[in-house]
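Before we start, here is the structure in question, set down as structure tokens.
As written, the chains take the letters A, B, C, D, E and F, and residue 1 is the first residue of each chain.
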Amino acid sequence: MPLTLATARETADGECRTALVPETAKKFAALGARLRMEQSAGVQSHFLDPDYVGVDFAPGLAETYAGADVILRVTPPSPAEIAALPEGALLIGLLKPYESKERLAALNARRITAFALELLPRVSRAQSMDALSSQGSCAGYQCGLIAAARCTKFFPMLTTAAGTIRPARVLVIGAGVAGLQAIATCKRLGAMVEAYDVRAAAREQIESLGAKFVDTGVSADGAGGYARELSAEEKAAQAEKLAKAVAQADVVITTAAIPGKRAPVIITNEMVGRMKYGAIIVDMAAESGGNCALTQPGEHVVANDVNIHGPLNLPSRMPTHASELYAKNLYNFLSPWIKDGTLAIDWSDEIVAGTLLCRDGATVHTLVKQVMGDA
Amino acid sequence: MPLTLATARETADGECRTALVPETAKKFAALGARLRMEQSAGVQSHFLDPDYVGVDFAPGLAETYAGADVILRVTPPSPAEIAALPEGALLIGLLKPYESKERLAALNARRITAFALELLPRVSRAQSMDALSSQGSCAGYQCGLIAAARCTKFFPMLTTAAGTIRPARVLVIGAGVAGLQAIATCKRLGAMVEAYDVRAAAREQIESLGAKFVDTGVSADGAGGYARELSAEEKAAQAEKLAKAVAQADVVITTAAIPGKRAPVIITNEMVGRMKYGAIIVDMAAESGGNCALTQPGEHVVANDVNIHGPLNLPSRMPTHASELYAKNLYNFLSPWIKDGTLAIDWSDEIVAGTLLCRDGATVHTLVKQVMGDA
Amino acid sequence: MDGMLALYIFMLAAFTGYEIIAKVPVILHTPLMSGSNFIHGIVVVGAMIVLGLAETPLQQAIGFFAVALGAANAAGGYVVTERMLGMFKKKEG
Amino acid sequence: MDGMLALYIFMLAAFTGYEIIAKVPVILHTPLMSGSNFIHGIVVVGAMIVLGLAETPLQQAIGFFAVALGAANAAGGYVVTERMLGMFKKKEG
Amino acid sequence: MTLPLYVQGAWFGGALLFIVGLKGMSSPASARRGIVVAGYGMLLAIAATFLIPGLQNLALIALALAIGGGGAWLSAQKVKMTDMPQMVAIYNGMGGGAAAAIAAVEFAKGDAHGLVATTLATLGALIGAVSFTGSCVAWAKLQGVLKKAWRLPAQNAVNVLLALLSLGLGLAVIGLAPQQPELVIAFFVVALVLGLVVTLPIGGADMPVVISLFNAFTGLAVGFEGYVLGNPALIIAGIVVGAAGTLLTQLMAKAMNRPLSNILFTPMVASGPGEAISGTMKEVGAIDAAAMMRYAAKVIIVPGYGMAVAHAQHKVWEMTSILEEAGVEVKFAIHPVAGRMPGHMNVLLAEAGVPYDKIFDLEEINAEFGQADVALVIGANDVVNPSARTDKASPIYGMPILDADKAQNVIVIKRGKGTGYSGVENALFYTDNCRMLYGDAQPMAGEIIQHLKSMG
Amino acid sequence: MTLPLYVQGAWFGGALLFIVGLKGMSSPASARRGIVVAGYGMLLAIAATFLIPGLQNLALIALALAIGGGGAWLSAQKVKMTDMPQMVAIYNGMGGGAAAAIAAVEFAKGDAHGLVATTLATLGALIGAVSFTGSCVAWAKLQGVLKKAWRLPAQNAVNVLLALLSLGLGLAVIGLAPQQPELVIAFFVVALVLGLVVTLPIGGADMPVVISLFNAFTGLAVGFEGYVLGNPALIIAGIVVGAAGTLLTQLMAKAMNRPLSNILFTPMVASGPGEAISGTMKEVGAIDAAAMMRYAAKVIIVPGYGMAVAHAQHKVWEMTSILEEAGVEVKFAIHPVAGRMPGHMNVLLAEAGVPYDKIFDLEEINAEFGQADVALVIGANDVVNPSARTDKASPIYGMPILDADKAQNVIVIKRGKGTGYSGVENALFYTDNCRMLYGDAQPMAGEIIQHLKSMG
């Protein structure tokens, strides 16, 4: 009996993406896998059931997961969904490994082999599987659009018969994948963009997009391309230089995150107080607590006539492309191990080993074990 | 006693603009005029009362208008506001001259001298007073942003490790001031933009922005730079060629308007039926009935998985700049006639005469009289 | 021939040759080499004169040899250059 | 002097002059005119020879006149050209 | 006369240095070095001449050199920069006179030179003499000594007649060797008069072209006399200048958009008064436009709808970068209604990557046009139409405009005689300081870029 | 011998046509016309020569012309395009031989020519002879007749010795006029051997430069013999070619990045085996890069992070437009992870205005590199590193890469020896078909544009 891959409809609040798109379905099928999908699981991403060729549709969650070997998901499964997972099945998704001890325990209880794509090692070969990058691109782009739409001014300079509009000043804090995309989007719209990141390499990257780098004199390169946490003094030095840039900005977009930790608070209450009337902050780090002290995840707060947006799940705002990219990440991750309809994973492969969260009833990822304790 | 200009807070639903901004207030004051403003009248545009230098603030509508010579407004006054107008005062604003017979009658009853900026003749000299252009620019820009934000796809092409994203196809119908700005905004964001207008000159203008012109073979140049109404056959021919372009688009933005008339229906029910799943329509003509048959002004309709947005009062989404531009239009319109704090209008001036809606208790604008009957 | 005048001619000819070649694209290096190769085929004229005025059989023999070589230089040089430059034809439309 | 050789020299010199001027920016038209004006001041050399070999007072007078004119051509031409081209100095840093 | 090798060698060196120097002068970057090199060539040649064995009248020679050279040196140092052109004229004329004088001495000596030499001597004398008096007139006109245009009734006929007469006399001089003094004198007189008569009616604006022509003449005359004297250095220097000068004259005439024959034979008359817009549109080449901007201190670019139509924004920005690298200050002046939508120019310039701090609106920049050396108007029309300021009848009356006309020079790039949005004629295009560069804005900007690059 | 004017005139015309023709050949657009013009010059000169009064051996002359000219004409027509270089070599050698033969006859005649003429005759004979045998060797090598590199133990010493010997014999020939046959024969033999010995060790890759050098030699030899024969047409043609050829040789050596002395005296040895990455990086100039692309049918551009850092996108697009106007098909190949963010290259290319239909991703374009004449890699590194395909130890192993190395020629623009994001060496840069163009991507693209424009 050939390998069966199953995808259920995502049930998390506001989640519009899907882990299987028609294109990847076709490719999986070509590798000899059987595919099962919950009815209308792609509809929120505007993929209708008839678009999927060679996929079996099941009416509900239980029917979808029953007997499946590999479960493809976008979000981590809810307790109810975990209960529906076939014992010993393989689960792949953005499983938020640092979020919940209970979830890890539940997965292990069902002896699920779980891969959390957040843990993917950032080696060259893995770039095509890197869901953080692909979804980060979507998030950064959406951040730029939200900023432009919510700004009460034009982004571009416009010389008109009724006077000249000066371009808006946008400050992007954090120039990772999402931050760079936000820079690019705002630049395209004509704003004057400044950006800041603690990593030293970011300067060149920021400038390569035609934006200006805000030099604060603090560098925080961490391992594996991620940023390390900053010391208290460093934070103070950074804050001082940044405060000036923040005070001049019409729009501030923050994307600074540290994996597995609460996002650093970069924009303090006091800095908000010095901002222009009518300025806005779009805090992309809202999900992990926010880079602005006043951010309310998922909410829109007004303080001192400054609008602070803490949008959640940004990629879900463009579900068609976000799903496409994510589904391809999954395909690229899994396909090397599918041969003639059977799964043969090389557990010693650095990508497999690095991404593996749980196996045989235990949490196996070192860093996650460190942070979450054994579960 | 010098000339007194008064600006009350705009009360129309969702209106965030204001007719007086700090910069124009200063300039009016320099001409010797006295200025009175309702408290917090600028706050929605993020102009706080202290920002206005040399302006008297009044607590309510009645206090603001009492004894004023000239009333500056964005929107037409409500019946209550008309009642508060000093008899015989001069009123300037976007008065929607074709909207309401009753309003015209009420204004005439109070012998208001009313200037409707919509009626401004489009001569070179009047360009700096052209509020339709300035607000149209804002509207077009916002349309582009809405389209991008609501689209479930990326606008730009992106080659990423998870595959290549093809650029979105945007079709802009109507390439007047707003349409061109929408084209520019979508182009900047990286979309493939096609555009269509009935005016022959529009082709070159569209192409000058790097977009592609959809050639339907129908031309409808009207007088004064506006479009004329099309005949039934022309509409059919146009519809056929357009339908094809519409069916291929991810986003359709419509801005086609004919002054004083209901907007032409260009996107029919049937055309929507042939659109892509997940495509969106942003109908800027919603205010005057919509260019799409399914448009609900101010609403968001889903038909055949196509999202049809009918946004209203787009400039109010960027009140700071929209108010600035509008206020400068007003200043440019009025200032030539203010000398040493008194008003001396040359009623024979072509701009004055063309814009004049009501005077001495009667509606005087020829075209308005024709359309609305004497009132 | 007046040596001084010859020197002037040498100078001017060298200047001319130099000016012509300065800033030639690499793509033309080989054809130009071939073309200038053809041009010094003019040596055949000298050879003809030498043969035409040859007095002894030895001189005739060497002269004959010289004319044949010179003629080969000119004719071969021309054909080769012409064929090489033929490549540029289609692109110049 | 051999007329034929002179013709060759004429041809080469003309070619050289032409090559030098082709595609000169307008900004240099006047300085170049002035510079070439200076160069034909070399006529003073001819005038010197003529005067140096003058036999009669008339010849001497005309020769003197010629040398003075030629010298003026050379000296004046140089100074004017040099001053004109001085304008280009500051921009070339 | 066989000369010692060191004299001949020095002359050779002089000729070589002339060519190298002239080559240097043909590019702005090396121009100054060029004249210095040529100067050394001249010193070398003159010094060597003193070493000719058997040369007499050395004191006289030295005296003549001192008087002519010293006088010219001093006066050339003192003259104002604006008076340079007439100085070129007068020094050139002197060279022509010297050539003619050499011929005169040769005639006086009556040495038999052979047909070729005599012919060349006569030809050199003729053009040298014409160049002499012609240049003097040119000088007088430019210097303001001669003020009114002096025109004979049948000017062209007289010109032709005199030319034929001088040629005839020249042939007689050649044919009737040994020369009869009367004939020779008559020949010279007619030649000198010819130079006068031809030059007198020509207007001051055309003088630079005429001076260039006389310059080429003098070169030829020197070359010919060089042959007579058997001096290859003279030949080469003269002929090189003759060829270069001829080409230069053509280029200058072209830059003024007037065929040479036009300048010489149909002198310009002032255009009739009383037209709505007077003056003519003067065309200019991309190379001239490039040079004008390259050597300007400040350039203001006025883009309009035509730039948008041509999609020329990227090229325009590249051109700007090159100019800035060369030390030119460049600003963009955006008119409030340039293009066809509010902010049209902004969108395009931003697309091309023009930084915001180079973009100025009307109010910010209008006062600066007065200090700009060049205003480059690219596909704009209505927004720089001065009639908006003055002509109440114009449909654009009352619209504020960019004061491009206040700039030292205005260059307008447009495709042809098309009007702008408002459909009215533009008086700017007819003003004296305005030059039209016809063509689609994109390739034109490209051509300018190419020329700018060749100027280093 | 005084020749009739029509002969001299015809020769003069021939020389003029040569110069005009050569000038034409120096630009691609007029090259073909140039050779035809020069061809007419040759016909004119040869025809006129027949008209020299008193010329004997006319039948012999005609026969020699027919044999030499006809044979060469036919064989040149038949030869394959790829065999052209050796044909140039052999025809050039024949010209050198002819020049040497002329000198030989003059020696045999023993006419007294004066010191200058004898010296030039000898010099012409020497370099003509060297060019003759040298060119023959070059031909043999390229034709594959001579296969292995034939190298003496103390090659350079032998070369110098032979050269000195031939010079000494030459001096003797000059000094001991009238010439003794033995001396003359010895002189010729040594000169011929010198040509052989010098050329034999030179490798096939360097041959074009050597042929060009011999070409210049022949030119000089012809020029010198022209002096001996008192024939200015020969002088001019010979010296023009000598000067042009010398410069050309230098340019060619520079294009190969090898000083001329290196080619002649230290022939390249094959590089040792067994290094991780073998081969050398070969530099190339912007003009060569421009020419390679200008005459390509298809060019694929691979932009990378370096293009972004340099902000070179506008220049790159301008370059592309020029190439396309010239009929070259240009495509952009975007690697999925080029740059530092997803879509980095797209953002920049869109900013520059590159239309979407010219942009292809890895999967779409990888198969096309095989048909591309040039792959232009601009500031990309990791994404074209072939070690990702093969070297399991490489940190980028397993990453799909753009197959730029499959293109006919690869040109890489980067600032220096910097590595990419992954920090690993790139084997592509060491391959045979790859050339490095060092410099910041923006000015480099600018230079290429300039050269492209000059190619019309």
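Operating definition for what follows: a contact is a pair of C-beta atoms (placed from the backbone, for glycine too) under 8 Å apart; a residue touches a chain by one contact, two chains touch by 3 or more.
Chains and their UniProt names: A, B, C, D = proton-translocating NAD(P)(+) transhydrogenase; E, F = NAD(P) transhydrogenase subunit beta.
Just so it is clear, the model here is predicted, and its values are computed rather than measured.
Colleague: When you check each chain against chain A and chain F, which touch both of them?
Modeller: Both chain A and chain F are touched by B, E, going by the contact rule given at the top.
Colleague: Any chance you could name the chains that touch chain A and chain E both?
Modeller: Chains that touch both chain A and chain E, as defined above, are B, F.
Colleague: What is the chain whose Cα centroid lies farthest from the Cα centroid of chain A?
Modeller: That would be chain D.
Colleague: Count the C-beta pairs in contact for D-F and for B-F, then report the pair with the higher count.
Modeller: B-F
Colleague: Counting in whole Å, what is the centre-to-centre distance of chain A and chain D, each centre being its mean C-alpha position?
Modeller: 78
Colleague: What is the distance, in whole Å, between the centres of chain E and chain F, each centre taken as the mean of its C-alpha atoms?
Modeller: 40
Colleague: Would you mind pulling out the distance in Å between where the CA atoms of chain B average out and where those of chain E do?
Modeller: A distance of 57 Å separates the two centres.
Colleague: Where in chain C do residues touch two or more other chains at once?
Modeller: Where chain C meets two or more other chains at a single residue, that happens at 1, 5-6, 8-9, 12-13, 15-16.
Colleague: In chain B, which residues are in touch with two or more of the other chains?
Modeller: Where chain B meets two or more other chains at a single residue, that happens at 127-128, 133-134, 137, 156, 158, 160-163, 165, 188, 190, 210.
Colleague: For chain E, what residues touch not just one other chain but two or more?
Modeller: Those would be 19, 232, 236, 311, 336-337, 342-343, 347, 350-351, 353.
Colleague: Write out all the pairs of touching chains, ordered by chain label.
Modeller: Going through each pair of chains, those in contact are A-B, A-E, A-F, B-E, B-F, C-D, C-E, C-F, D-E, D-F, E-F.
Colleague: Which bits of chain F are touching chain B when the two form their complex?
Modeller: These residues of chain F touch chain B: 334-338, 342-343, 345-347, 350, 353, 356, 359, 361-362, 364.
Colleague: In the complex, go through chain C and note every residue touching chain F.
Modeller: Spelled out, the residues of chain C in touch with chain F are 1, 3, 6, 9-10, 13-18, 20-56, 58-60, 62-89, 91-93.
Colleague: How about chain C: which of its residues touch chain D in the complex?
Modeller: Result: residues 1-2, 5-6, 8-9, 12-13, 15-16, 19 of chain C touch chain D.
Colleague: Where on chain F is chain D touching in the complex?
Modeller: Listed in rising order, the residues of chain F that touch chain D are 8, 12, 15-16, 19, 232, 236.
Colleague: Can you tell me which positions in chain F touch chain A when the two form their complex?
Modeller: Of all residues in chain F, those touching chain A are 305, 308-309, 311, 336-337, 339-344, 347-348, 350-351, 382, 388, 395-400, 422.
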